[in-house]
Structures are given as C-alpha cells and as structure tokens.
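Shared between the two complexes below is chain A, which pairs with chain B and chain C, respectively.
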Partner chain A sequence: MEHTSLLERILRGAALTLVVIFFMFPIVWIFMMSFQTNETILRIPPQLIFEPTLANYTALITGKLMTAAGTLDIAFMRNLWNSVFLSVTSVAVSLLLGVPAAYAFARHKFRGSEDIAFTLLSFKFAPALLVLLPLTLYFQKLGLANTYIGLIWVYQLICLPLILWIVRGYFEDIPADIEYAYRIGGHSWFATFRKIALPLAGPGIAAAGLLAFIFAWNNFVFALVLASADKQPVTVGALAFITSSGIQYGQISAAIVLSITPTLALALYAQRYLVEGLSLGAVKG
Partner chain B sequence: MTAVVSQRLKPSGFRISKRVLPYVLSLPALLVCIGILIPFLTSVVYSFQRYRLSQPWARQFNWGDNYISFFTDPKFWNTLKISLLYAGTTVVLELLLGLAIALLLQKRSTLNNFISIMLLMPLMTAPALAALMWKLMTNPGFGVLSYLASLIGLQDFRWASSPSTALFTVVLVDIWVYTPFIMILLLAGLRSLPTQPFEAAALDGVPRSFVFFRITLPMLTPYILTATLFRLLDSIQQFDIIYAMTQGGPGDTLTVFQVEAYLNFFQSTNVGRSAALMIILWAITYFLSNIFIKNWLRLRERARGQA
Partner chain C sequence: MASLELRNIVKRYKSQTVLDNLSLTVADGETLVLFGPSGAGKTVLLRLVAGVIDPEEGKIFIGGEDMTDVDAEFRGVGMAFQNFALFPHMSAFDNIATPLEAKRSSQGAIKAGVESVAKLLKIGHVLSHKPRALSNGQKQRTALARALVGSPPLLLLDDPLRNVDAKLRFEMRLELPRLLADRGATVVYVTQDYKEAMALGDRIAVMSQGVIRQLGTPEQIYREPANIEIARLFGDPTINLLDVKPARDARGVYVGLSNVQVHLTDAPETAIGRDCIIGLRPEALHFVGDNEPGAIPVTVEAETPLNEKIVTLVRTVRGREILVSRPAGTPGRSEGKAHIAVDGKSALLFDHASGERIGAKNIVNLRSGEAA
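Now for the complex of A and B:
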C-alpha cells in the first residue's frame, strides 16, 4: 500500500514468526510426542530428534495399553466411533429439521416468524448446564440417560441454531423472482424448493453442515453430563485417559492427535466458509 | 417429515398451503427445541427450592433463600469475581492480540492467506482437548513449557497446579484457542473496508497513526463489537478449558459459574444452589446477548447488502 522501510519489514516478519510459533507449537509438539516412547519423552532437556515409533497408535487401535502396572484395556476406538456417530447423526437430523425451517423463515414472513427464529438462536447463548443438569434427572426417568437418542437430541442445541441461521442467509440471497417464475410454470412449491432453492443454496448448506459437525465433535459438556463410558465421544474419553494413572504420555498424545485430526482436516477443507459460519452469517469471508 | 407433509399438501394446491406451509416447515425444528424449554423452567423451580440429591425427603420450597444466601456467601462472591476476571482478561487480551495479528495479515498475499488459515487450527481444536495438550506441555516432570520456564529462571513454575498461576495458565489456553476467532472476524472486516478513504489519506500524507485511530478503527468498530460480545458471551460461560485443566482447582481458585454449578450438582449434590447459580449466569448472558444481537443484526444486514 505504502512505502515500508526495511526495519519495519523486519519487525513485521519477526512479529508474524512469533505469532505462528505460539499458535502452531502445541499442535506440532503433541504430534511429535505421539511418535515417541516414554523414555524419550521423559528425557531432560526435551529432544527434537528421536527415533519415531508407531507403538502408541497400535496400542490405541488394539485397545491394549501398556502401563507401569501392566496392560490396561481402554476402548479408545469406541470413543472415536461415538464421536463419528454422534456428530454425523446430529448434523443429519439438524439438516433435515433446519433446512426446511430456514427456507420458511427466509421466504415467508409469517406471524411470529422472527420470534421463533430468535428463540432458536437464543439457545446458542444460554449456559449449557442450565438445561443439562435438570435434564439428567429427566433423562433417568424417561430412560434416555446414556442413550444415543438422548445425546443426539441435545446435540440439536449446538447444530440447529447454526444451520438455521446460516442457511437462512443463503436462501435469502436467492432472488424470489427465480422461484416465482418456476411456480408460474405450474410447479408445486415442493418442486420449486427441491429443484431451485436447494441446489442454489447447496454450497451454504454444505458449509453449515460441516461447521455443525465440527462444533458437535468438539463439544465436551453435553456428553460429560449425559453419557457414561461406552457412549462418550473423544473429548470426554481423552479426559478419562489423563486422569487414570500410569498411562504412557505418548499414548495420550496419540489419542489427542487422532481426536483433533478430523476437525482440523475439515476446517482446512471448509475454510472459505468459516468466517461466515463462525459469525452466524454476519461477516462475509 | 417433509416428505409426508408435501404429499398431503400437494393435491390441496396453492392457496391453503401458502398460509400453513411456513408453520409446517418450521414446526419440527421448534418442537425439538421446545423439549429443552421444560428443563429450563425446571431449573427456575429448583432454584427456589431446598433440594439436595442426598436428602430427597427434605426437598421443599424455600423461595428466595438460595439467592439471599448468596449475599453473605464468600464462595459465591469468589465465583462471580473469578468469572468476571476470566471473561474480562481473556476478551481484552484476545481482542488486542487478534486485532494486531489481523493488521499484520491485512495485505492479501499467498503467505498471509496461508498463515491466516494455519492460525485457524487452534480454534478448530476442541477446547477440552486443547486443555489436555497444554496439560501435557506444562507437566512438571517432562513438560516442554516447564523446561522452557526453568531456562528463563522460573525453576519451580507450577502452572495450573499452583493457586497463584492457575488463572494465568487457563487464560493462556483460552487465548491460544480463541484469539484466532477474533483475528479472522477482524481480518474479514479489514479486508471489506472501502479503499477510498485510505487512498485519500495516503495522497494527503496523513500520518499512519492518525489513519489508524481516525479511519481504520472507527470503520472497524461494528466488527470489533460483534466479535467482542460474541467472545464475552462464550467466555463468561467457560467450562471446557477450566474443567479439563483443573476441575476448578486448586481449591476454589477457578470455580467459575458453570464449574461451580457442576461441582455443586455432582459433588455436593446441592441442586437448589446449582440451579440458582445457573439462573444468575443466564440473566447475565441474556442481558449480554440482547446487546449482541442488535449489533450482530446490523452487521448481518450490511453483509447481505454486499452480496
């Protein structure tokens, strides 16, 4: 934009380097730890050069963890599967419920529509435990305690507001005239929705779905309160890992790497939409 | 659900469906969430009761007692203080740091775009898992950060396990996770600003500090407000990082609202107190979210206008 002196360019470069180191170092370090044995991890000073081993990952995949006291059976793969299943199903249900509702809010200004839309939005901002703590007592009575169905239901609190508000924005961007022209041609509203609105809002719907998946995957408190060990996702499962004594640090690191890789990969894939999604459609990327 | 609805509405034609349709389309989503409103009301009721899970027989309404006792309860004031301190510190530091990084990356270049994408990775890491990562790095036995601290003369720096540095440590993790959120919103804001005022200022040789404080900052204000309020709403409710890192400890150093309510419910089984705490937190977030939504809507209108 304007002339920059050499000194300023050096300072900028140094500042950016520090920023990158601060934000990337933990991920790189944990990644490196996951390929080390306990002996190399415990060495002081910490080593940058070591002989990488896959033992931590094989231990996690087979579910047999070596500890100081002998082998321990920990079904981390089960946690990983729970995370996949809970996130995918929650997002699918959310899309099924949220996309038609988003369409209704975008296309029809009906009585109370804004109130309903804002009520749904407000769930995103209320403290989770306000609802979760009484819900544990209800779930026990209803037989929903520690079930996938119960968890997927409360996960809608994360996914639905997100999908509703992002997708609504995409529907609003489609000129109503296009749909009207198609309707004039004698097609039903459903055909219009399916053939015109859905394809045009397609990228937005996909982006909202991906974001909802990331948020569902990263959620911690819902499953901590409502699920026991066999239904817990990785976020809660990994915590149990670190508190049970004697587990090798490399194995904890490997568990963390396996747990964060899916969301990081998806985020890189969907980064074009992240700004818009994170601000619930208020800022365009 | 939609398939069933459409079959029923198709033959009945244009006019009836037009009135009923939007309700039919939005009702399922609403019904799923209405189920959530019931526990919310239950929380309100609980907060007016003396209710301990360990003494179910002694359960009775005590009306405002849970709230009144807060006034003389040092633990409550500690919770309020820590929550506000945590939210205030994290949001201010993240705002300053996020703004600085956004300004550094403002110019569109391959390197800057690449860095801004890389910086998203902490934000996409589950906060609970991020806390575990930092816990491993600050382990007194082998943690790399403990080692680095000892290099600069902090021989016995105990991070999250010492009451004097526990807050610092969780704030650091929060900054690591959430600064990219503010950064990416402000970066998008900076890059969407009109270029004419800056060109005119450059032409007139206006000093850069003047450009920053009188042009950039005022024009960026809506973005700053939205990002800050968004973070404030989140940060005052922080649970994941603190619980995963220290479970509110050591002692009651980090018993912010949600952590304190969780411990009250599951450890001391004091449902009434726990519910009252959540209602107070809800009141704070409700107040904040009303301000937030106004700003957010204004920004959203602007974004729609650009499209």
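Now for the complex of A and C:
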C-alpha cells in the first residue's frame, strides 16, 4: 500500500508540474524577456542565462523609448493610469446600478422582469465591432467621443450584465425566509437589503466585481475606436511599441508585466473572499 | 390586546388556489394550532398573517385593526420559522437582538432583553456563537428567542419543533405551553404532529387542501372528529375502521360485528340502514370473558408492549384486523383465542360514501370556516 501511494504521489507531482509548466511558461518567458534587451531576446538559439537590465522598465516609467531610429515619446504610465481609472470607475458604477437591480430581479417577479434581465444580458451577445460603428457616430454627435464619461458608459456594456447576472444568482440563493424573519422583526425592506441581503451576497458581489474588473481591464476594441492617445488604456497603448524600427519586445514584455500586476494583485487579494463565498453556500437557514 | 381575525381569505398561486375563502378567529391570549398534512396551506396562512405575502381576497385583523395592507414590519408580530431562518452572518446574540434594534431600544435594554429570553430558553452560554456553530436544538431555541424577545402580542410559530430530534421535541412539548401561557400572547402554532397539537392547542383547526375541515378543542377533535380523515390523523395507534350497516331493535341502534350485535349509545337514527364505517379507538376496546354480552370472538395475532400501554393486533372471525390498546399492567391476552367488547359510547359512525361523521354536531361549515 505504501509503495502504491508513493507512486501515486510521484505521478500526481509529475502531472501537476507538467500542467504548471504548460500554463506558466508564457508568463515566465515574458517576465524574463522584460529584463532583456531586444538583441538578447532575438538571439538564436534562445538562452536562459542573460545579463538582466532594467532599461525596459526605465524607458516605460520615464516615457522615453530609445530605438535605432532615435528617441520616441510614449505615454505608457498615462495609459496605465487610464486603465486603472476606467476599470475602477466602470466597475464602481456597475456595482452601484447592478447590485440593486440584481436584487430587484431576484426578489420581485414583476411583469416583464425576465425580459428586461435577458435584454441586459443580450448586450453581451452583440459583436463589439457591430455596435461600435453607430456608437461612434452617436458619441461624436453627443460630444462623448474621447471622454472618460463616454468610455465608462460604454464599459457598462461589459460590466453591468456580468455583475447583474452573477449577483442575482447569489441573491436568489439567500433563503427568502431569512429576509422575511428580519422584516417581521420590524425592519424596513431597505434595512433588510443592507443588513441581510448585501452581507450574505458579499462574496458573490466581490467575485462579480473582480471578474468585471478583469474584463474591463482587458478590453481593447472599445477604447481603440472611441479614445485618442491621452485617454487610451494599456491594452491600446501597447500598440505604440510596434515602431518603424521594429517591434520592441523588451518593452512590450515589461509593459505586460506592469499591466497584469494590478489584476493579479487584486485576484490574489480577493481569493480568500471568493473561497469564503463558496463555503458560505453551505450555510442553511 | 391582539385577537386575530381572518375574513374570507383567498390565496392563489397562478391557477392553484392555496387558501379557499378561509375565515378564522383567534381570541386574545388563545393558542390555536393549525394542524394538517403538508400542502394544506398552514404555512401560507401564517405568512399571510405575518405580512410577507398578500392575500388575493379577504381581510386580516390583528387586535381589531385592519392589517391587510400593512407591511410586515409594522404588524408587531413575532414569528419562528420551521427552518429557523437565522441570520448566518450574525451571532446568536445579534440574531435575537434584531427585533429590539428595530424598536430602537438602548444598548442596555437590548442586552437585558436578550439575556432574559436566552436564560428562559437555556441558551445563555451560546450567545456569542454563529448559527453554524449551534446544534439544531440551540438553533431552534435561538429562533424561538428571536420571536419572543420583543414580547409581541401575536406569536406565529411555524412547526418550530419539526427539525429537532425526538428527545428535544418531547422536552419542548412540555415546556412550550407554560412558556406561551406566561407570555400571555395570542399564538398561532403550525404542526403536523397530532401529539404536539393536542398538547399545545386551546383549539385545533384541522386543515386540508386550503380549507379548515374542523375547528374545536383537542377533546372535541379526538372524540367527535368531523370525518374519517381527521379520525385517522389523531390517535396512536390509529383508529380501527370497519364497514357496518347499523340496524335497530327494541334495545336501540346496533351494528353487527362478527355476527355479534353491538349496541351503540347515542347513535344517530339517520345511520340506520345506511352503508357506514364504524370507527373504534383501540382504547375503546377491551378483552372480556366469553360469556359477557356483546363479546366478539377474535384470535390474537401479535402484541406490542409500548411501555405505558400494550397494543394487541387481533383478527376477527371474518378475517378483519383490529388493534386493541390497554394500559400496561392490566390483564389481557397475548396469544390464542380471546373475546373483546366494544365501548358502545365512544364508537363513531361515518358515512361510507362521503367519509363524514354521521350526526356530527360541530362539523365545520366548509365555506365560512366557522363552527356551526
């Protein structure tokens, strides 16, 4: 028995290692590239040993890109800030609108409630490019093109349905009796929403918020069309590294590392809440 | 003062009528038990009174005030749920405190109130625990404490002993009547356990399919059930039911059981010549010597001692099985041939076709729900 379990452990370890290598390789490679110059990156055959340089990060942070053709100004730090601002604000607005709406859809079956909820979800079905053309024209008329407000508005197409549908499920999972008990105790429906429904759906709201944040952060095409350089997020800003004198692999890698850091940090931080959310489902009334 | 009056309540879910024109009055300080099988509409009725669901038709009066359109938080009732419905993110103390917080009581008053009710229900030592750390019995007591803490004049208890173990249920069945009486509150208590209903109710309303089938004291329900269904639901072991056709002779109305004429006291004349079912409670039968008048010959099939009583299964000469119950320690037969006699006073006659008790005086008028 001992022998079998040892073999099992070895096999499991090997399988896990393979999976980790498979999924982590690109990330690790990018991380390594971000500390190399273009020349060392493009060496054939590629080498694992190199002399690390911080030049890529320096270039990004100072905004001066040295290329063979000369010095280019890039707005990477500005783009990073735009990404943070757009994603955080969009998710905040979506939570503010989506959570009460989700509660309404979960608890009050009014005429057409299913249709409205489905319509909101259907925003996610439409191909972004199809929506963008008319949207651009309208936005230009309304003066919303190339504004933060306009972008945050469009980002609601990404965040709001996601938050609405995920959070609604969490609200529906709360036994109605728990809320009834609080109301019979003498509390208003709003107090019940605040003191019972919100805390119990908290982990779900956190999960939905995190997912919405990642989707907003990774969005490319809305911002590409609707925003100009000073409002662009990192996803669009990365295009600047494809310069006339070649693709700046080192800087792109450094930019990727910098731009996945916030989402990664957020995911790691929120992880314990997500796990708690899963185990809270086991609570019976 | 909190009497409760329901007037012509109708509740529908889509096309299904859950409560059908139901009326009911509960006097101030009275404990009324709603008894019936699942799906009878007991819980729906309780929720209507609490105000968490609304009736399609009818009116609800609490303490003489029309509360039909009043939101749940302003009705001033206390309710304990079958599934406890504790707030999982709050400690037992905070759970119990919520009704007091709603009244904007001071911190001191909340602490005193929670601790006194917790002491009463013997959960003082677990007040800091979250619901998930409580045993089922403690959860049940916490839920009860939360319903009681604000001293509501009207208490709604939805089968609060359903999800607790047998021992605790027995204990609570003893404790609850005193607890409720001390509070002086009007109580509506839902249960599916006839013993609980008999132990707790000043009156019992037997419900099925959204209407009240019979309303009366536990004694009335047991002695004079409105129909076979109710007779079957109350009593353990269950009532013996046998097909008979009553007739009369010079001594009065009698039924033939195994070719023996058993005379019934106070049997209604209307039963004569009709196809009937006679209901004989196991304790209304007893073993007798073979020369007693009205002695019915039987064969003893099996005997089950149940501590305080002994239940014997006997078979008549026609092959019908009958349960006989007698207090432990009294003489009887445990095997072989025997004779039993029927207590003619407590026999119940039901119409064979409708199942209604013949000559039932306190039968409920199904439309109005009031005892006629």
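Going forward, the second predicted complex is superposed on the first by the 234 of 285 C-alpha atoms of A that agree within 3 Å, B and C clash if a C-alpha of one lies under 4 Å from a C-alpha of the other, contacts with A are read in each partner's own complex, and residues count from 1 in each chain.
What we mean here is this: contacts are C-beta pairs under 8 Å (C-beta built on N, C-alpha and C of every residue); 3 or more make two chains touch, one makes a residue touch a chain.
Nothing here was measured: the structure is a model prediction, and the numbers come from that model.
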First (chain B), second (chain C), both or neither touched by A:Ile196: second
First (chain B), second (chain C), both or neither touched by A:Pro134: first
Chain B versus chain C as contact partner of A:Tyr103, first or second or both or neither: first
Which superposed partner A:Pro175 touches (first chain B, second chain C, both, neither): second
Which of chain B and chain C A:Leu6 touches, first, second, both or neither: neither
Partner chain(s) touched by A:Ser188 [first = chain B, second = chain C, both, neither]: both
Touch count on chain A, higher of chain B and chain C: B
Partner chain(s) touched by A:Val20 [first = chain B, second = chain C, both, neither]: first
Shared chain A contacts, counted only where both chain B and chain C touch the same residue: 188-189, 280, 283-285
Residues of chain C touching chain A in the complex: 47, 50-52, 71-79, 81, 83-89, 98-99, 101-103, 131-132, 146, 150
Residues of chain A touching chain C in the complex: 175, 177-178, 180-189, 191, 196, 199-200, 280, 283-285
Touching residues on chain B, where the partner in the complex is chain A: 1-2, 6, 9-10, 17-18, 21-23, 25-26, 28-30, 32-33, 35-36, 38-40, 42-43, 46, 100-101, 104-105, 107, 115, 117-130, 132-137, 139, 141-142, 144, 147, 176, 179-181, 184-185, 188-189, 192, 198, 202, 208, 223, 226-227, 230, 233, 237, 239-240, 243-244, 257-258, 261-262, 265, 271, 274-275, 278-279, 281-282, 285-286, 288-289, 292-293, 296, 299-300, 303-304, 306-307
Sites on chain A touched by chain B in the complex: 1-2, 12, 15-16, 19-20, 22-24, 26-27, 29-30, 33, 41-46, 96-98, 100-101, 103-105, 107-108, 110, 113, 116, 118-123, 125-135, 138, 153-154, 156-157, 160, 164, 169, 172-173, 188-190, 214, 217-221, 224-225, 234-236, 238-239, 242, 249, 252-253, 256, 259-260, 263-264, 266-268, 271, 274-276, 278-285
